Amino acid sequence: MDLFVALALQIIYGIANLVLISLGLAIIFGMMRVINLAHGEFLMLGGYTVVVSTNNGVNLWVAMFILAPLVVGLIGVIVERCLIRFLYGRMVDTLLATWGLSLLLIGLVTTIFGAQTSTTISAPFGPIQIGDYTSSGYELFLICVAVLLSLAVYLVLRLTKLGLVARGTMQSADMAAALGVSTSKIYMITFGLGAAVSGFAGALLAPITGVLPTIGATYIAKAFITVISGGAAILAGTASASVLLGGINGIMAFVTGPTIGEVALLVAAIILLRLMPRGITGRFFRKNL
Amino acid sequence: MKGEIVLEARDLSMHFGGVHAVDQVNFALWDNELRCLIGPNGAGKSTFFKCLTGQHVPTHGDVVIRDVHVAGREPHQIARLGVGIKTQVPNVFDGLSVEENIWLSARRWHKAQRAKVLTQETLERLALGDIRSAIVGTLAHGQRQWVELGMVVAAEPWLVLLDEPAAGMTHEEVETTAELIREVNKTATMIVVEHDMQFIRMISNKVTVFHEGRILIEDTMDVISADERVREVYLGHKSQ
Amino acid sequence: MTWNRENKWRAGLVVLGVIFLFAAPNVFQLFTIINMTTAIAFAILALSLGLIWGYGGILCFGQTAFFGLGAYAYTVAAINFGGSTWAILVAILVAMLVAAVLGYFVFYGRVSDVYLAVITLTATLILYSLMRRTSGPEYKIGKSLLGGFNGITSPPLNMPWDTSQVLFPEHVFYVAMAALILAYILCSWLVQTQFGRVSVAIRENELRAELLGYDIRFYKMALFTVGGGIAAVAGVVFCNGVGRVTPDVFNLYNTALTIIWVIVGGRGTLIGPVLGAILLFYLTSSLGTQAVLNNNLVLGAILILFVLLVPKGIVPSFTEWWDNRRALRTSRRKEVRMRRRRSRLAEANGEAGDER
């Protein structure tokens, strides 16, 4: 029983982890049809924001919940204004340009902070006992945050004017422009929002993974798999793909070890795409967000 | 009726969400026929056409081409039955030369030597010889339509399906196209989807009128142009 | 047909390559030659991506997967067989097999090109983390430990079917250069065959190619597989040049480099990616010797600048400029001739007038 609870927690954490690292990417992809290859670096920048600000005496929670999304969101807006907006409608060029951005950001951070970072942040919660097993309190906390973050994104998209206008713009940019909506502004805000969510996720994960200029590479494989398996619907896609892939990953990792878990994730995603080329939400939950 | 049925749609339906773009259509085409499909915008003729060519998988029903069930097959599998297809928006290889475009069609069916000859013949037949080495993407709309027709002809198909072959052409070009279609019809059975009544008068004897996803009437052009219902469909209800 | 001028160029390049093959070891020092072997391996890799992306329109962001698989398969097979001859074949076959299987899933699933890019990239990154974790003694294939992080020492090439005669580094250079020339000839030939021309047609318009009766899924898978095989050859040359293979062949940096070579050199040409690879190899190695500018920073800037400002790449842009200049010159020359003739006529008329 204890083993079961511990295992279940492990799998749920795996799912929550996928949601956290993919959500920012999914927002940008779902709303703008832009696959941001610099997504991993947005997560990385979130982590660095926390490290730098806590080193300068800022409270950890302030750094995580306020500074990281703010800083990375702002960077996102700048990137959109200076680079992405020249490439709308050119998906392949956008991919390439964001890849260039990814390298640029890695290089920039390496130049400023060095290739290694000595300071790490320790996880704010201690371990929790479940019978004979221990589970990380911080991981439990992250599960809750992932749920709340998804809920917040849902509410923003569902209830606010911004969400409504944004969804309308994504459905038909011409139509929205004809109605007097500034598409350019919407794209900018959307990209900034996606970047902010990524920065927040990177900040949350920093205590677990540490921060390195190249840490982005460890996130992006999973994030990409999740988003393209999920398909166009932002929340339904991310959630369903995270549950499916996180579940497979967790079970395989438990049975055979972490190496095979990740390979199983990829194989599952490739087979899934053979069956549903436009992702899970290309076939199911099509009307959802 | 002459000959045998070479193409048949049985109970064919295509739904997009709640929209019944094609609704339980039964349609038969006889050997050597030149059939025109007309109908106002949104009548379902283009969707019907795409079901025949494999660009859409019909929701219900079947399409049979010479005893082969093709509903749900890939476009290339249908093309391989000897079917030549021209789409509504010109689909050509924009980055390649006119000659290369035609050659790619001829070479699909013939050995290198024969393909070369056939390419040459097609270029002459469609009077494309002067622009043979021009890059197709740089040509005018009418010329690109002709290149696409050339690709269809070069494959020497026995069944030809054309979606709006005269769209965007000048009056002169329309006349030459009609001539070409009549000539191709000597060796091939054809379906032509068209808007332009003038053009249809030039080429066809039997016409199928689509309306709201169904076949409204099927007869000669003379009967159809006299038909009250067709007029209503095209011009809207008469206001008294 | 329009191939003639291009083929003259290609033949010229092959001749230059052959001259370089024999001349270089007599001109350069051994260290330079060994370094060049690595550059040549990259050039072959760039060629493979130039073929499938530039001609077939297949947006593969993980060409290094096949490069790395080739290097690993060669090394493992050479250790097990005790010789390199069959190991080369094994390397090529393994990479082609993986490419064919992956190609089957993505092309027959009709995955869009952007998804394809992401999937191939992801596959490469997962190979990277997979190979990094194989450091324990339990991870071995036959006699060969996989070595995790540190990789495996690659056995050097030997003369075909003669394991007693091991090649020295300068000989490996000959092999590398010969492989590059042969790969270039193979690609040049391939793009002119019916298969190659249909592949280009598919790049131009998939639907039209299908409506002509071509099975585009098969063509793409086949081209992807050939590309995988050529990348594997590059991998074999690479691990012979540096003497070992590590998981770093799969890392994100190398994967990005491959794309940058092709973007910089130019899509739709074969020599472009080769030049791009060699150019950037020497640029990055000279950057490595100074501490001010970080490699990632420079490469990122190059990639962004090319996408925004020179999207066609160097070689196609140059050819275009050259053609325009030549056209301009001939028209100008014509104009000058016309003007002269006109003035001569005017003069003649004038004289005639005087006489009157």
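Observations
Think of it as A, B and C in the order they're written, each chain with its own count starting at 1.
By our rule, a contact is a pair of C-beta atoms (placed from the backbone, for glycine too) under 8 Å apart; a residue touches a chain by one contact, two chains touch by 3 or more.
Computed from a prediction, not measured in an experiment: that's the story for all the values here.
Taken chain by chain, the contacts run in an open path, each chain touching the next and the two ends left apart. Ranking every chain by how far its Cα centroid lies from the centroid of chain A, the top place goes to B. Inter-chain spacing, taken between the CA centroids of chain B and chain C, is 42 Å.
If each chain is reduced to the centroid of its CA atoms, chain A and chain B end up 48 Å from each other. The distance from the centre of chain A to the centre of chain C, each centre being the mean of the chain's C-alpha atoms, comes to 33 Å. The touching residues of chain A, counted against chain C in their complex, run 35, 83, 86-87, 91-93, 95-97, 99-108, 110-111, 213-214, 217-218, 220-221, 224-225, 228, 258-259, 262-263, 265-266, 269-271, 273-275, 277. In the complex of the two chains, the chain C residues touching chain B come out as 1-2, 194, 197-198, 200-201, 203-205, 207-216. Residues 53-55, 74-76, 79-80, 85, 87, 91-97, 99-100, 103-105, 107-109, 112, 133, 148, 151, 155 of chain B are the ones touching chain C in the complex. Within the complex formed with chain A, the residues of chain C that make contact are 59, 61, 102, 105-106, 108-115, 117-119, 121-123, 125-126, 129-130, 133-134, 251-253, 256, 259, 263, 293-304, 307-308, 311.
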